[in-house]
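Chains here go by letter, A, B, C, D and E, matching the order in which they are written, and residues are numbered from 1 within each.
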Amino acid sequence: MDKLEQVKLVKERSGTDARKCMKCGKCSGRCPAYNEMDVKPHQFVSYIEKGDIDKLLNSKSLYTCLSCFACVERCPRGVAPANVIEAVRQEVIRVQGENKIQAEKVPEMIDETIPQQLLVSMFRKLNK
Amino acid sequence: MQRIGVFVCWCGSNIASTVDVKKVAEVLKAEPGVVISENYQYMCSENGQALIRNAIKEHSLTGIVVCSCSPRMHEATFRRTAESAGLNPYMVEIANIREQCSWIHKDMEEATEKAIILGRSAIAKLKLNAPLTSGESAVVKRALVIGGGIAGIQSALDIAEAGFEVDIVETSPTIGGNMAKLDKTFPTLDCAACILTPKMVDCAQNEKIDILTYSEVESVKGFVGNFKVQIRKKARFVDEKKCTGCGECMQKCPSKKGLNDFNMGLNTRPAIYIPFAQAIPNVAVIDPEQCLKLKNGKCGLCAMKCNVNAIDYTQKDEIIEREYGAIVVATGYKPISLENFNEYGYSQYKDVVTSLELERLMNAAGPSEGHLVRPSDHKEPKVITFIQCVGSRDTSGCGKPYCSKICCMYTAKHAMLIREKYPDTEVHVFYIDVRTPGKNYDEFFRRAVEQYGVDYVKGMVGKVYEENGKLMVQGADLINNEQVVIPSDLVVLAAAIEPSPTVRKIATMVTASIDTNNFLTEAHAKLRPVESPTAGIFLSGVCQGPKDIPETVSQASACAAKVIGLLAKDKLKCNASVAHSDETLCSGCSVCANVCPYGAITYVDKEFRLGGGKTELRRVASVNPAVCQGCGACTVTCPSGAMDLKGFTTGQIMAEVDAICKR
Amino acid sequence: MQEIKKDYKPLIVAFCCNWCSYAGADLAGSSRLSYPAEVKIIRVPCSCRVNPTFILKAFQRGADGVIICGCHPGDCHYTSGNYFARRRMSLLFSMLDYLGIERERTRVEWVSAAEGAKFSAVMNDFAKTVTELGENKRLEDLRCKN
Amino acid sequence: MKKISCENLSKLYSEIASLQELYLPVKESGVTNYKKYENGAEVDIKTLKTVKSAKDFFFPQTEDMMEFKVNGKNIEINDARKVANPFVIFGVRACDLKSFDILDKVFLQEPVDTMYKAKREASTIITLACNNPEQTCFCKTFGIDASNPAGDISAIIVNGEMLFEAKTEKGAELLNKLTCLEDAGDTDADAERAEIVKKSENLPFANLNLDEFKGENLMKLFDRPEWAELSKACLGCGTCTFVCPTCQCFDIRDFITNEGVRRFRCWDSCMYSEFTKMAAENPRKTQLQRYRQRFMHKLVYFPQNNDGVYGCVGCGRCVQKCPQNLNIIKVIKKLGGKNND
Amino acid sequence: MQKLNELALEKAKTLLANGTVARVLGWKKGELGYDLEPAVFYSESDLEGFIYNAFSGANLSKYLIEESKKEGKVLVFLKPCDSYSFNQLVKEHRIVKENVYTVGIECQGKLDVKKLKEKGIEIVDGVIENVDDVTVISLGKEYNFVKEEVLLGKCSVCEKHLLSYDEVISLHDKRTPKLDRFEIVKKLEAMTADERYAFWKGELSKCIRCNACRNVCPACNCLKCVFDNDASGIASKANSDSFEEKLFHIIRAFHVAGRCTDCGECSRVCPQAIPLHLLNRKFISDINRLYGEFQAGEDDVTKGPLTAYTTGDAEPSEVFGGNK
């Protein structure tokens, strides 16, 4: 797919206007998974605004983001970094064969402490 | 037959780039009644005005239409131009082809067509214009200043200096406002009290100034030059004339648990108190909510102790009625409530404070007598972290969308003062941008970094939490691209400021307009920055928008200059656009008086000739042109159409409608 | 429902009070916030100066929509003008609706001098609404149409 | 004579309407007025008096005359008179038919009113005899025979059938084209007419005395003090004049269009306070004067100028419609002469 | 009921005789039994024409604008509905109250001549009225009707009661109406906009602009009506276009909004039987719903709803209520 088209799609799906960002970094200041991320929440907003989607598509952060939405909650400008991450993730996992988790392998990951909710959201996040 | 001149302005390229001004001039020239139609680059310039003046004389014009910017911008200019050429100033109509045409449309053809229609509409209206003359009304030579902070004080002093009487109405028991609470001021670091208290004393001693503290404006009636104001002087239970401010009563008062507002609630005060040592007036006041005598009748110690018998538990609120020629609104600001910012833990942790609280903590007259200690355990903090933009520039709905303007500078000041007084204290500042426009401002900020070693971190704080007795400040360091956690002893929040909550009520009373952030709107951002659109109402200080002290003082003086200019006049020209009743149509039914907000309409019995030598006595409405402000409410409520509004007559508006609707 | 011509552009008359809404329109202009050129503004001192006859007259003359803009309730430059306007327009609009005339053709909006963005948004929205309604047929005067 | 069963009248209407525009009494929103015939229209020939009279056909309430087109500083003048296409009016009663004569005297005198004349000539009038005259009818006072109006074709209902007789060439031509009609043969029309005449004779106001209304009494009548009492309740509305088949006053007014000016004439009423308003003065200042004018005109001035033809046809519309129950009968009774009770 | 006429006549004679009043405003007998006209009586002999019966429907209050300005007091008989108009006119300073001697008179509803005509009655020889029914004698025949069948539209929903007067003539309690005043308004509101448009198009296109509604209306008391005043920009003598029918009736209703007492005269006098009161009643119903119950003319001091406001009034966008 055309890169520009992809950027447009991500912007649309995230429903967020990256131009509203005033680059304060509060999202990254709040992010609980910050240290696990190669591309930081505020950078997602910045990259998508600049149209540089390749960095995002290949980012590890897509899978380390907890989707806790703290960044969205805290943003003083009404920008939603988590939505951008989510939209980029959709771009990746929607491609055939890009499912990040196989159902058969789930039983071996389960232990008693894993809440049901987590499993459900894991499927939602990592699979088509 | 009318002889109309049309003058189309290019406004440089502002109009000409989207409107074909030459075509507009040409098409309008063909309109019946138009004898000359010109276009020029800047009609408002001296050359442009000369062009109009010459045309008026040369072509014996009876009226002119200027197609230009908004009438709110230059209607007055062109009216003066017309007047100087011997034309009645009300024979001028403006077609707004800039703000309402060239600036909002991109397509040249479309914009040109619209400009022509707007021009036609103005011509249609002008054809029904009649020369108007304004009446006159006397000016009461006294000003009211609402608010006794530095803005109000400065305005009052300047007005009094010019020889006019001024009343300051202040809700709290003393004047001084927020500035009285400050320790030092940027960028010079002189002590706030040292520069403010002499001005307060000047006010108290100035014969022309009457200070009404612990008072509120109750109602405002009237109009420019003739406001009638009711002021509620709240009962302070202490006779102001007798009290010497000795403070004996404060010592004896057994009810000492009241939060000290002046110290931002950081300590307590007795039920009878003087807000601070240099308070003006230096007179005690009793908090009726807290006073045992007033609450349950048991006590009366202060009265017993008072040597001058100043205590009066029976005092009642008093309503004072005064007349003024001008009103200055100087209601100031307060920091916003931080309840929407739980991430910073303001309500959870005692050692998270606002900047204004820090001012009191550092102030020699403050609760810790100038020793910087943290509120929780009164120990000296070793690591202090400042967080900027708390609630400012916030469009999420939690805070305010605007920049509070003063925070960058006062935080630099705080950081600097701390580093100077306590050099072993670590100071961090989380910032989004550091905004320092102003004389010597950036130099000041750089000193904090370069000379005092304050650590500025570009990034915002995500959360503040407690761990091992420390306040952990977690934020982004965008320059180093890392998340940092700074264990701190004291966290200082630069809370956004907002207009004082009283301003809405006051704005409604004086009919001044207010913006979405509750700041009062100035008549024009550049041309009339210290006036409200409502004649006779002036704006001083932060009520108009965030300002620091130097700016506030200069605006207050500017405001005073405007007031002086008004009060210096003996008579004011009234609004010429006033209602007028056609007595041949009026049946005296009184509905118009019911809707007049100014009480400008009265009824008289008048004799009318019926023909054949007969007469008839009929009740008819009569409008006082000095009182009428020209809203037009009466014109619509009058079923017979007897009431009309000069300058905006029914005929004129209908002619505009017709012209606009011609396709 | 009448069929709407492809290039149909409505004619919209906006009565704006001098103190708030006209200033709001100016602010929309100086902020370059566009709205359709079909919107033509008539300046009145206050929304209370707008006589129902002006509105009907506009429709007679060929307007497809009429909007009255004034200061927000409580902010009237003349204290109470917009309160009277609010009652008058409420009753008038309700009457037009009662006569079967499309209620979307008339509107009252409170726009302050600071709300340039709102002014532009309101005008864009109103123009869109009126465009969708199509030509004003129920309050037209055939003598004004050619 | 031709005939058709009253049950089949809609066939007749359709057939006439297929030849020319047909206007006839139609009941709409509760009242009966002359309307253009359309399929499904509720034709109402039972109601004797349409609210508005038949004069509208020749002298409509508003009528465009000319148009001024303004373009910049140029003005172009155009004729705005409409071409009158041939049309048929059905169901005109004797009183309304008589009113056409009266209007003719006004509009067809030199200078001829071309707009009126064109429409008058374009019309074919089918009259209808009044089988059941009403209590408020007093056409007989003015010598009108409700049983036998003429027109181009006269019609009468007899025993459930409507009979037609051509009275003019124009009428005969139309009648011959109508295939739905059959020959009537011998009829009871004359007997029915005699019955109607008898009924008319017995109406309360059939024989009002008009003796006093003579030219020589003009000044005396003008000064009668009774006018004050007669006009006391008059509201000055235009109801009587607008429902009257003989009132012929009009005003010429301009309407400003988006392109220029359209000049039209419209009915005016002498009951209106500004009817006689002129630049300098309004000679009729009181309602008494205006009220007196209307009846003096109908009963004295008009006959004086028109060979004794009164300006009233006794249709009784004003009697029914005056909001405050003032009417010409009360005037005639008060001022017309003896034996009026 | 016939007794009321005698009492009224007696009252008029007495007050004229003892000089309390100089003249009497009342109703005068006509030619057809039902065609009563408002009249002024100056003497006992004049009063021979006086009558108060089931056909005294005309509202006399508007005549007082003139009559109260003349010398000497005028006695007026006010039915309940007339007295609301009277108060409203006093409130608007159009009647000199001191010059009027008011006598409130019982009314159990007046008869509609149009309805009687539909029943075949063209002339009336006599009428016997009771509270709930009425007998009309015409050409020797007696017709008995339940009131609802033959009452004027305005009377069949009348909830008005006698207010305060110098004197009152009343023998029976006021009958309570069996119909809801706002029923048809509600019905119209419940229609679709297209249906409403069709309804009003049918009704208003009948208008011949005779001004009877305006001239009879006690609230339409302007010295000069805007529709007669060329300077107003909306003057017109005839409905040259369907627009003008609407303009006239909307503006007229608007001008009397908050002042209209719902006396119903407009619909009574309309020669084309246009239900004009439904326009006024719409305003009344909206005012009641949006700004609180208000009855114009209940007294002669209270400010009308269009010359008052509250800061919390409904916005024009939310006034349509439940209608479609």
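Just so it is clear, contacts are C-beta pairs under 8 Å (C-beta built on N, C-alpha and C of every residue); 3 or more make two chains touch, one makes a residue touch a chain.
The shown structure was predicted, so the numbers you read here are calculated from the model rather than taken from an experiment.
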**Request:** Touching both chain A and chain E: give me those chains, sorted by label.
**Result:** B
**Message:** If each hop has to land on a touching chain, what is the smallest number of hops from chain D to chain E?
**Reply:** 1
**Request:** Could you see whether C-E or B-E has the larger number of C-beta contact pairs?
**Result:** C-E
**Message:** Suppose chain centres are the mean of their C-alpha atoms. Which chain sits farthest from chain E?
**Reply:** A
**Most distant chain from chain B, judged by the mean position of its C-alpha atoms** = D
**Asked** If you average the Cα atoms of each chain, whose average lands nearest the overall Cα average?
**Response** C
**Asked** If you average the CA atoms of chain B and of chain D, how many Å lie between those two points?
**Response** 72
**Request:** Compute the distance, rounded to whole Å, between the mean C-alpha positions of chain B and chain C.
**Result:** 30
**Fill in**
Distance between the CA centroids of chain C and chain D (whole Å) is 46
**Prompt:** So which bits of chain C are touching at least two other chains?
**Reply:** 52-53, 57, 61-62, 74, 80, 84, 88, 143-144
**Fill in**
Residue numbers in chain E touching two or more further chains are 226, 232-233, 240, 306-307
**Complete:** Two or more other chains are touched by the chain A residues none
**Complete:** Pairwise touch list, complete, is A-B, B-C, B-D, B-E, C-D, C-E, D-E
**Complete:** Note: in the complex, chain A contacts chain B through residues 20, 22-31, 34-35, 40, 42, 70, 74-78
**Request:** Could you pull out which chain D residues touch chain C in their complex?
**Result:** 255, 257-259, 262
**Asked** Along chain D, where are the residues that touch chain B in the complex?
**Response** 70, 72-73, 256, 258, 281, 285
**Message:** Applying the document's contact rule, which stretches of chain C touch chain E when the two form their complex?
**Reply:** 52-53, 56-57, 59-60, 73-74, 80, 83-84, 86-103, 106-108, 138-143
**Asked** Taking the complex as given, what residues does chain D use to touch chain E?
**Response** 28-31, 33, 51-52, 61-62, 134-136, 204-205, 229, 232-233, 235-239, 241-243, 251, 253, 255, 264, 266-269, 272-274, 319, 321, 323-327, 329-330, 333
